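In the two complexes that follow, chain A is the common piece, with chain B as its partner first and chain C second.
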Partner chain A sequence: MSSAPDLLRLVNQVLANKRRPAVARLPSETRLREDLGFDSLDLAELTVRIEEAHGVDVFEKGVLRTAGEIEARLGRAACADARQSED
Partner chain B sequence: MSKNILVTGVSRGLGLAIARAVLEAGWSLFGVSRTRSPEFDSLAAAHPGRVHFFAHDLADADGVRTRVFKEFVGLDTPLHGFVNNAAVAYDDLVTNLELERLEAMYAVNVFAPMMATRQAIRNMLLHGGGGSIVHVSSISAHTGYKGLAMYASTKGALEAFSKNTAREWGERGIRSNCVVAGFMETDMSGALGEEQRRRIFERTALKRPVALESVAATCVFLLGGESCSITGQNVVVDSGVF
Partner chain C sequence: MQDLFFHDPARGERISYADLWSEVSAPEVAQAPLVRPGTAGEAVRAIAKAVLLRRALTLFDSDFSDAESAALGGTAAALAARGHGRGVPERDLAAALEAARREPGFRLTLFTSGTTGRPKKVTHDLAGLTRMLRVSSRHVASVWGLAYNPTHIAGVQVVLQALFNRNPLVHLFQAAPERVVEWVREAGVTHLSATPSFYRLLLPQATVLGSVRAVTLGGERAGAGLLAELAKLFPAARIRNLYASTEAGTLFEAEGEWFVVPEALRDRVRIEEGGLTVHRSLLGTLDGGEDGGEWFATGDLVERASGEPLRFRVLGREQEGVSVGGHKVNPAEVEEVLTRCPGVREARVFGRANSVLGQILCAEVVAGAGFAEAEARAWLAERLQPVKVPRVFKVVPAIRRTRTGKVARGAP
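This part shows the complex of A and B:
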């Protein structure tokens, strides 16, 4: 399973800032540190970019290691929002 | 280049002087204070379109994240500089220390600035242009004064925080420095008696209070491009205490 195109775009923005080549795909199992070469500052930048795009601080409740874990966290946040709006 | 600068404690005293200096540098001001003062209103009127104000009590340290950086300076506003100026003083002998008052002072002087730095760096990261953080510290963190141990400890905490912030984020072009101010003629030092003030000023080489404008100009220097190679430093503006 691949992650959403938007996460791919955000990841590639962080890679571009490091003058590293963009990735064409972002499979769920992609490890942020080992496969993409992100360090702690890159992860902080990715956090902010995701927050700006989705309004969710995905790393607030603990470290996430893979693209799939970020997608899952974003999905849970979206579900919580939907529940709130139904209440 | 025009800059967006966030300054806390802008209603009076040093914060008002920093706000004025930021505007005179041609930049836009995002000022935070508990209340607006007539002096701040005059400053805003003299610089139409470049002054933004948000009322917030920094005793609510988490509100910096949830209110100041959401309702006032959102991620869509590129922030180029942040001056942590707002502070409160709780002065007494250490033997009289009251935990509740100490915690209240730490909320304003340490926790709120740390939360603001967290958010400012996040903003600067998103926009990718780096930035400059300036904490207003105090000479009391370096030279002992009777009754100032608790207050001085908050400034010592800020100086350590600033230096480590500078190391952590330097590679992203984000600088952090402290302006270590000596005793100024502000409401904050008004609690000191006349004789105590005279003795403090007599201890300085210049034999006079520190000029607000001198501290404010140093903040502006550290915010601007001319200080691009300065980070992790304490710049002392104290009329010469040595």
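This part shows the complex of A and C:
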């Protein structure tokens, strides 16, 4: 499963709502706050959009800082789903 | 740093107690009675000056739109007005602070989301704002992190606590987590008071902040998980929950999630149908309040543990209010503005649980001809504070209503 193009789309949706230009790429080291200028309301909006698309609350266990951390969290959640979660 | 009153590291702004004193100790001092501050420094300075000068101050939220502000009496002309009057008569700051606590004159008007329509005014005197204030030699070395908006009551209370003890305040509100950690360390912050959302954004954290001795949470419900994480981040701190509202100021505190009503307030606090109700004598003066009854429903749903003394914990808000990061938003106010937007036939605004901010604001719209989401967002952004603009829009065929015909508030 590749979440990268989808995360890019969701991030760009939040940017569009802030009337900021879209980004063409989302390297994993992209920092949500510093590089994209997200504030806490934007982060909250992003969680809702990711949750709607993937059914995962990525910030449930604390706020993630970079695009790569979100992808890792989404990847882990997908694996856990596949294994039907042991814990 | 000695004599520092306020430091905003993001803007490089500093105000010393000497600066403050020189501004208020002239024979005649001009001070605006209505202020919509552009920066936290401006807000903090206005509050401190009004306290020392013993004058009335109305503080508009810095992010009010011009239209919101004007509708509440803060027109451009009113905000430009300067009140003239005598400067502080005492010989020095210590004497002036002492006199300010005894003498009347200071009143602070703030704005709160009502349960209907527009925000309403709440006016507090110093006694109501300083119910939990502690002034003593034990506090001389305290350094406060200002992690609340200083135009809101919780921020005002932090400013007053620092001012009366002549402690420095370090502005941390809305700073990125990395900066908060850096500045807390740099300034040796000992006291932090903030919403659960503020602390949630700091986590997870690999480091510890050992200088902090007191951590206070308020404005939203804090779960046990968050409290446990905070104990790791602030190993030297006593962690407390505060129960406070814009209408009443701070009323109760708790070590865990159970609040105990102190003896002095026992006759003025009740639980009615699961909702916390407080006597009007505990409130500031409400302007245009919707009911003039003797008891005021806080809108918080609580669970009672014992009757004498009354112990309770907060379960949540009654449906009307949405709390976005501790900032109370009235969905009816947003709906009212949204339904006036061209292309919107009907609208429903509601809160939805969110791991970052507790709740996030969402809107459902029945679209008419010419509806465009981007235009609806722009329409709202022009007229309302950013926190009141729904972050997620959905176009729906019809709005869900309750049996009495009211818009249903819960998330679908």
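By definition in this document, the second predicted complex is superposed on the first by the 81 of 87 C-alpha atoms of A that agree within 3 Å, B and C clash if a C-alpha of one lies under 4 Å from a C-alpha of the other, contacts with A are read in each partner's own complex, and residues count from 1 in each chain.
Rule of thumb we're sticking to: a residue touches a chain if its C-beta (ideal position, glycine included) is under 8 Å from a C-beta of that chain, and two chains touch if they have at least 3 such contacts.
Every value quoted in this text rests on a predicted model; they were computed, and no experiment measured them.
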Scan A:R33 for contacts with chain B and chain C and give back first, second, both or neither.
second
In the superposed arrangement, does A:R49 touch chain B (first), chain C (second), both or neither?
both
Would you mind checking which one, chain B or chain C, touches more residues on chain A?
C
Touching A:F59, do we find chain B (first), chain C (second), both, or neither?
second
Chain A residues touched by both chain B and chain C?
17, 41, 44-45, 47-49
Considering the complex alone, what residue numbers of chain B touch chain A?
75-76, 121-123, 125-126, 128, 168-169, 171-172
Inside the complex, what are the residues of chain C that reach chain A?
174, 176-177, 197, 200-201, 203-204, 229, 324-325, 352, 354-357, 360, 362, 374, 377, 386-387, 391-392
Under the touch definition given earlier, write down the residues of chain A that touch chain B in their complex.
17, 41, 44-45, 47-49, 51-52
Touch list for chain A against partner chain C, complex
16-17, 33-34, 39-41, 43-45, 47-49, 57, 59-63
